[in-house]
Structure formats: structure tokens, C-alpha cells
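Dumping the structure here so I can ask a few things about it.
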Amino acid sequence: LPALAAAESITVASTTSTENSGLFEYLLPKFQADTGIEVRVVAVGTGQAIRVAKNGDADVLFVHHRPSEDAFVAAGYGVKRFAVMHNDFVIVGPASDPAGIKGGDDAAQALAAIASSKSLFASRGDDSGTHKKELSLWQTAGVDPAASGTSWYRETGSGMGATLNTASGMNAYALTDRATWIRFGNKGELVILAQGDPVLFNPYGVILISPERHPHVRADAGQAFIDWLVSPPGQTLIGDYRIDGEPAFFPDAIETPPTE
Amino acid sequence: MNDFSNALSTAFALVTSLDRDLFEIVGLSLEISLTAVLVATIIGLPAGAALALSRFPGRRPLIIVLNALMGLPPVVVGLVIYLLLSRSGPLGSYGLLFTPTAMVIAQSVLVTPIIAALARQTVADLHEEYDEHLRAIGSGPLQRMATLLWDGRFRLLTAILAGFGRAIAEVGAVLIVGGNILHSTRVMTTTIALETSKGNLAIALGLGLILVTLAVSVNAAAMLLGETAHRRYG
Amino acid sequence: MNDFSNALSTAFALVTSLDRDLFEIVGLSLEISLTAVLVATIIGLPAGAALALSRFPGRRPLIIVLNALMGLPPVVVGLVIYLLLSRSGPLGSYGLLFTPTAMVIAQSVLVTPIIAALARQTVADLHEEYDEHLRAIGSGPLQRMATLLWDGRFRLLTAILAGFGRAIAEVGAVLIVGGNILHSTRVMTTTIALETSKGNLAIALGLGLILVTLAVSVNAAAMLLGETAHRRYG
Amino acid sequence: MAADTTDTNGLLPMVVDAVSYRAGDQALIDHVSFRLEDSRRTVILGPNGAGKSVLLRLCHGLLAPSAGAITWGGSTPAATMKRRGLVFQRPVMLRRSVAANIEHVLKTQGIGRDRRRGLVSAALDQAGLKSLAHRQARTLSGGEQQRLAIARAWLLEPAVVLLDEPTANLDPGATRAVEELIIRLGATGAKILMTTHDIAQARRLAEEVMFLHHGRLLEHRPAVEFFAGPRDPDAADFIAGQLIN
Amino acid sequence: MAADTTDTNGLLPMVVDAVSYRAGDQALIDHVSFRLEDSRRTVILGPNGAGKSVLLRLCHGLLAPSAGAITWGGSTPAATMKRRGLVFQRPVMLRRSVAANIEHVLKTQGIGRDRRRGLVSAALDQAGLKSLAHRQARTLSGGEQQRLAIARAWLLEPAVVLLDEPTANLDPGATRAVEELIIRLGATGAKILMTTHDIAQARRLAEEVMFLHHGRLLEHRPAVEFFAGPRDPDAADFIAGQLIN
């Protein structure tokens, strides 16, 4: 088998939602053209991404769960967290909308309506950032969906895409990040029903793995990637990214006016 | 690697805690995989034997395809069954998607070619020896198949166990058609995948350990049963 | 189900577009799985034969465990190898994680028990016939193993093909240890899983179709080669 | 004994018409023609590799001729198979008990459980295998296996019995018993077609001799004439115990 | 012929001391003791199922006695196996060509490629299988398989040869050739221990007879004495061609 490590290459541990959105496919060739550095993305569940990073099997961590990111840096695994961008979560469901949440912009209220109408809801149930966000919304709504006897609440224990496939298969409501949703090809009868609540804000951070803890980390190249992401050109590129004509991510590192 | 020792103690803790969820999951895994293997055996053994015994144009390509189907990707099988059973699919009206039945169907589809292909080889080997005698006494195709399957039953056990191994370890297909829904379609492998994606490697490994132990037990039971029968009925 | 016809046309479009990425992925899939099967064959055939021929205390439990290991969950294998190859693992200094080599290792671990268990049964069957002659001429254990493997080589092909089927269809382990990195460790099954998670079911099915076609080709090649050799060298 | 088409169940005359059997570029049976009209005991003689076993397989329909045709009372060998018994030179033992090996043949012929029991026990008796009924057939001694094979072929008192070296592994007493059985069967009108290497046995049993060599049928004559003076020089050498080529 | 421990390569005397072999609760060989001191040709006689084949297997070390001990020149049967040749009643044919079947034995004994070639071709010649050298051994006729088995056992001119019904499937000429070979071998000092059902052959070949019945050794005497008048009534019946129980 060929030796794969190019002269300059780094490994980034990230989440499936980022990968599935197509953002990396769009950004990385441009980064490589600018710097000659090849970026290899390992896209796994948030928990596993952090685990991979802790073990020193990646140079850069790129995820979206702020508390875990801060804990990661605080424990000395990472050098520093940089805010990169955000997108938002939306609530999708069958176009027939049995819970009647269409057009709402209060996420907790929407969930409460789903619960009271006992409409099917597909939860990721995998402790991911998205799942944690969903659980906090239920709490706000004052519903304990996992209580026994709730047959409408289905924990799929899977990634975003798999959960959406399940939701599409059973015509259930689900919480998803916008980027994955726009890109998702098996929507079936599902459409976006509720969005725009500020609590649905979904920030992404990027962290260089500590070279002190893992001396083999390619710190220079890794930092170059981070610097590039948060630099004006990088931020502009992120802001310009479109899926099916829709913006998917909003740059956070600097003030960049949307190009529309 | 404290992960390994963690895994061991986690597995131990899981089992000794007599966790109801764990039993549910283990029970469902066994139920689904054993049912699927039963279905696959009922279909695969006669199919494999028929392929070993009969001569017809297109038989050799069929054997090649059958052997190749041992490499059917679970995710693809899962997808096809998902599309068939989905509400908007041709069989949607039965409402089987995301039920254990769907998982049994998926595993049966995966395992049948394995059992059939291995059975074909086994029956063909025995056939080499029996062929002339069976033909000489005027044994018909079905009778020949029955004789060879019966006399080869202890050798065929390995083929069936290979099928069981594939079924119980499989995750791609059951995840898609079952949905890994808690208290409903969550089995051991989908739980392991879930815990892995959470980064709970010790739990995942611990569950893996339990799964392998389970597989060993089923194999041991099958082999002991087979051998007892072998000794008693020759 | 327009998904199925979509899948077909997608597969067709993918292949005829002569997409460089597709070729890369297909090539890597084949390279990894064939290498893994080679490794597993080199280890599994002698191991299975040895188990069929030798008599030692603990042999029967070992056979049971070996049969059970056919049901080794890929995710667990992936995890264990991940932990071993991880930078903080015992073999971390080799930097093998997220490389094709790691994927070969994972598939070899998965496939070796399959080939060994099926080879054991095959060799044991042949041994039943050859045993007395080989012992009578004073054949040593290694010589006996060599004779039985050689004379059983065409039957063993099915075992090896079963191993190949498992390897090429496997996704759980290679996903964990390979990381599904574009242009580096992305193979057919991980691509199918990825496209599925994107909801691109037609593409996933199309790739699955190509994968099955690939498996058929490899099987056909192996069987034709085997038969040509069979005819020529008896 | 005269031709008796009733007793031989309409299987006679048996006609072998210009039959050849080729494996690769070699003719194992080379343009052989003969008729068996009546239920006399016919013995096929010939050196090792002459093609005797191949010829018996062709006659029973286990092999299909490369050229020529074989008929039993006008029907194909395959269609009449169940009305004949065949004993192989190297009998196949099913991985079952001795009794189950016999019963298997009866099951194949669709005979009900009750009748099976009696037939199995009678066959075991006759073959002297009563005490071994529940033993794995594959652990039987050489002679016991051959007895079992003969018992299996005899079972339903077929109209025609083909035997390939049936007494090669039998002790003198058993050989005598089988020879007596063959004579008894022949006397009831069954047709016997057998091979043997034992010239003395051939002299005792044969009413008609076929001498096969290199796949060619060189003589086909009444036994008395043949043993009095074979026309073929190889046949003369053969019964004199010479190596022939 | 006198005892000749040089020619028999230190394998004699062969001592069988109170040997029994049990399968389940049945004694297949029942407390058998004998000594073979010299290289005379010893023939084991006995009816089907007497235990002849089992006894030969015990002697060669393929079966281990349930009780008692067997030694060849003081060594175990297993340790001396390569210095003996054994021909089974039902020979095993490897799934290889005829020549490869012979060569396989030589390879097993670690004989170099050059010497192998000569030995294989000589053995094929002697067995009359030259023209069949490249044929799949399993397609050979019954007699051809037996010839091949004998050629394999003979190959390295072992000091002791055990033969189980070696001529059961051979034609008269080949039988005569094998008998001559056996006599020639015996004359060079090799020890022959064989079984046969052919009383005439036993009379021709045996210098010493062992009569086995129900796993028990009932007589062990010089052939002349035995054939002149066996002491055991069963043995008398046996050589008279009676069925014995």
C-alpha cells in the first residue's frame, strides 16, 4: 500500500453533520491551493471526535458542542478554541403537520404541541450536540419525552442522516441542523415546519490539539488551517457557501456582511 | 490501554447489574438473529443442495453469483428493504418498517446466500461420493437432496454457524430497517455503534465482549447438540 | 419505487462518467480487501488445517470459539484496533491509524476466523478419507497439512470467497480505523454509508450495485482460475 | 434356461447397439454390440482396465454412451433402473447404520414403513449382518460392506441384477453362499450380469461369457464353448492366468 | 528361511503381547499374542469380520491397542512405520494423478527430486501403469487402484510389507505377477504379513498361517501343517469353504 502521508498533511476530527453538509469538500481544495497543506477529515459522532482528538489521533478538532469544547481545552488537550461559524437547528416534520406547528418560531412550544398531539418524533438519542440541544428544549417545554408509556417518542440512537432517514420512513418530526437538512436527499414528505428561535443557534469551534501533550501533532500546519479558517478570506468563503442556493453557515470570527 | 481493562470491568458490571435494558437488547438480538438464521437455513440448505445436484444451463454463472452474494453489503440490503417497506414503498401498507420483523427480513437476505453457498460446496463434496449409488437405486432429485442434506447435517452445521455469525454481528442493515429505536428495535450491534459514536469506548467494548460470549454460547450449544445427536443416531 | 430505477441509472451514470474519484474508491476497496483476504488465507488455512488434524486438550473448545469468532462484530474489531493503533495506544508510534494499512489489519482480523473455521471443516472432511493412508506412510503433521490443503484447494476456494465477501462488504471496522477520509481511506462501503446518511439513497444503491458487480467479477475470476487449474493439473 | 420375458419383467431382450464410451480422446468402450435375450447367467471377463465396470455402468444407465444406444426391453436404461439391482465393485456406504442403509433403498422406492421393517430384517438375515444392524456402515469390514451392498441390490428381488466383482472381498463360505444365491435367483428367472476375476467362479457360474479387452468385446459365447477353447488368443492367455496386454 | 534380522532391518522379532482392541463394549481383537521371528511369509486367514484388517492396522501402528503391547525389534509400531509398507483392503487414492500419488510417498519420506523421478517411473513400470501415469488416480479401475496401492507400498523396498487382500481386485495375470513379486521379496529377506480370502492363494504363498476368528487367534502354525489338518474345527470348515459362525 502506498505511503499516504503527503509532505504536508493534517488530520481533522470533525462531526458527520459538517462533513455531510459538503462544506469541507468546498473549503479544503481552496485551502490546499493557498497553503499546499492537505487536510484529511475524519467525520464521526461528536463524542467520538473528541475521543479521537484526546487520543492524539488528529491534529485539529472541529465540532459544535461548546461545553465539551471548553472542557477539552481546560483539560489541556487543546491549545485554544476559535469560534468559526454557526448555523441553526430547525424542526422538520410531515407536510400534513398533525401537531400544527407550522410557521412557529418558538421551538419549545412546537415540541410541546408535538407531545400533546402524540405525533411521532424521531430523536437522535446519541448524546450528540444536536441531541443535547433537543433535550434542553424538551426541558423548557416541560415535557419528559422519555417517560415510560410514550410510544410517539422514538430514540434512534443514530447520526443525523440516519435519524432523518428514520423520520422520513415513519413520517415523524425531528430536530436537525440546517446544513444537513438542506443537503439531505431522502426528505420524502418532510419539510421545515419551525425555525428561527434564537435558542436554535448552533456554533462551531475549532481547536488545535496540544503539541505538548501529543508531540507528534503537526502544530504549524494545524494552526495554519485554523488561522486560515478565521482569516477574512476563509470567513468570506464560509459565508459564501451555498447549498441549493441557500446559505448554510454564518461566519462568526469576524464581521463579514452576507454577500447577498 | 486502560480502555481494555475498563471494557472488561464494564462488561462485568453490565452483566452483574442485571440491567433490564441489557437483557431486553440481548434477548432481541438473539431472537432476531436466530429467527433469521432459521429462515435462511430453511431456504438456503435446499437451494444450495439443489444447485449442487442439478445440471441446467446457467448453473455455473448462478454459482458464481451466489458466491458473490456472500459479499452483499449490509447497508445496501438495508436500503433496499427500507425502500420496499417504507410507507411510500410497495410493501408499505404492512407497516413493517422499524419493527423486528424488518430486521429479520434484512438479516435473512444477508445470511441466505452464505448458507446456500457453503451448503452447495458441502453437498457437492458428499455428492461426489454418493452420486452413483443414489442414481443406481433410482433416487429422484428431491430424494437425493434429502439424503445428502441428512447425511451431511453435521458438516452443514459449520455453514449455519457462519450464517449465524454474520447475522449476530451485522449492524449496517438492521440499523437502517430497524432504526435502532430504544425499547423496540435496539440490538447489541446497534447499541455498540451508538456507544462508539458517543465515544463511550469502554461500554462499546464491554458490549462487544458480551456479544462474543453470546456467540460462543450459541456455537457451543449447537455443536454439543450436534455431537450428542451424532453419537446417538450416527 | 423510482429509487430503484434511479439507482440503476445512477450506477450506470457513475460508471460511464469514468469518474476518477469512483475509480480511486473502487481501486482502494479491492486493494484493501484482496490484501486482507490474502493475509487471512495465509494465516487461516494452515490454522484451520492444524485444528482439523491435531489432537490436544482444549481443541474442542477452541473449535467452538473459532466458529463463534465468525460472528466477531466489526465495530468491536474496529474499536480494538483503533485503541491499539491510536497514538496513545501501544502501537501508536507507527502512525498507522486512519491509513489503508489499518483497514487491512481490521479486515484481516475479521476474515481470518471465517476462513480458518470453514477450512477446518473442509480439511476435516477430506482428512476422514485420507487419514489412514497418510499416517501409514509416516507423514508428519506439517506434511499432512500440506497434502490436505493441496488436495482440498478447490473446495477451500469457497471458504476464501466467503472471506472475501465479508471483507468487501464490511463497513463498521474500516470506518473506525480508516476514518473514511476522502482520497485516502474512503472505500465503497464507507461511501455507501456516507451517501445513505446524506439521504442520497439512489447514489448509495448505485454504489451498492457496483460493489455487488465487483464481487461477482472477483468471484468469477477466482472460480474460472480455479477451474482452469483444476482441468490442467487435476 | 429359455428366454422368459415374464420373469424378467419385460426387460429382455437387452440390446447394446454399437456403443462407445469416450473419456477425453480415449475410447474406454469401443464400438460394443450385443444382445442378451434370455435369463441365462452372463459373466463378463477381462483383465484389469478392460472396461468391465464402465460397461456395467453404461448398461444400468449411470453413464450415457458417447455413441450407440442401449435398451432394456425397448426402454432406456434410466427408465428401467428401479427394476434392476446393481452392486458396485467399490460399494458406497451411506453415513448411516447398516439397517438404515438398507431401509434407505426401500424409502427411495416409496415402500411404506411396515413393509420396510420386514424387508430390512429379512435382508439382514440373509446377508449375515443381523448382529451388526445398528453399526455405522462405514466401520464394517471389507467383506461385510460387500455383503451389505449385495443385500441392498437384492432387496426387492429385481428382475435383473448387475454385479461387479461381488465376491472379491468375501471369505470362502460367504462366496459360496453368494454363488448359491446367484444360481437360485437365476433359476427363478432373474437375469444375472456379472464380472469376476476368479476364473474358477466364472466356470462355476457362467452360462454365457463375454470377453472384454481394451474396451472391445472379443468373444460372446456359451460358457461351455468358451472354456473349452477360446477363439481369441488373449482370452486363452487370460484364463490360463497369463499377463495380457 | 531363517531369521534374518539384517535384512528385516532390525524390525524382527515382532512381538504382539496380549493385545486387545475394543470398540465400544465389543472386543474386535481379543487377547491376541504371537511372535514373528523370521522373514517367512505369514498369511492371516479368517472369515469376514474376523478382525484381520484391524489386526494389520494394530501391527502397523494405525490403531493403538486397548490392552497389551506390540513391538517391532523392540521399538513401537509408530517409530518404525516408515520402514514398513502397508496395502489397505480399500486403498486411498489421493486427488492427484497416478504418478503424483506415487511421488507423494517419496516426498513424504524426504527423497530428492532427481531420485524421485527414477523411482516413480520404475514403480509405474512394475505396476503396469505406465500408460496411465497422468490420469487422475480416482478414475482408475478397481484393479488399477489396487496395483497403484501395491506399487506405493513397495516403493522403497521396505523390510516388512503388510498386505490386506492385495489381489482381491486383480485379474489372474496380475494376481500371478503380484504373487511372484511377493515370493521374490520374501526371498530377499523381507517379511511379508498378508491376509487373503483365496484359499488357493494362501496355499501357494503361506509359509506360516494364522487363523483368526471372532478377534481371537485360534491357530498359528507352519502352513504345511495347517493345510494338512487344522486343529480348530472352524478353521477346517473355513478352508473347506463352509460358512462358519
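Letters A, B, C, D and E name the chains as they come in the text, with residue numbers starting at 1 for each one.
What we mean here is this: a residue touches a chain if its C-beta (ideal position, glycine included) is under 8 Å from a C-beta of that chain, and two chains touch if they have at least 3 such contacts.
As the structure is a computational prediction, the values presented were derived from the model and not from experiment.
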Contacting chain B as well as chain C are chains A
Quick check on the contact graph: shortest path length from chain B to chain E, in steps?
2
More contacting C-beta pairs: C-E or A-B?
A-B
Averaging only over C-alpha atoms, locate the centres of chain A and chain B and give their separation in whole Å.
36
Cα-centroid distance, chain B relative to chain D, in whole angstrom
47
Quick one: report the Å distance separating chain A from chain E, using the average Cα coordinate of each chain.
81
Quick check on chain C: which residues sit in contact with 2+ other chains?
89, 196, 201
Touching two or more other chains - residues of chain D
none
Multi-partner residues of chain A (at least 2 other chains):
44, 159, 162, 165, 168
Taking all chains into account, which pairs touch?
A-B, A-C, B-C, B-D, C-E, D-E
Complex interface listing, chain B residues touching chain C
1, 3-4, 60, 63-65, 67-76, 79-80, 82-84, 89-90, 114, 117-118, 120-122, 125, 155, 158, 161-162, 164-169, 171-172, 176, 188-189, 192-193, 196, 201, 204-205, 207-209, 211-212, 215-216, 218-220, 223
So in the complex, which bits of chain C are touching chain E?
129-130, 132-140, 143, 147, 151, 234
Chain C contact footprint on chain E (complex, rising order):
57, 60-62, 81-82, 86, 88, 91-92, 94-97, 104-105, 107-109, 136, 152
Partner chain A, residues of chain C touching it in the complex:
31-32, 35, 86-89, 92, 95, 97-101, 104, 179-182, 184-185, 194, 196-203
Quick one: in the complex, what on chain E touches chain D?
23, 46-49, 52-53, 89-90, 128, 132, 139-144, 147, 164-165, 168-177, 197-200, 237-244
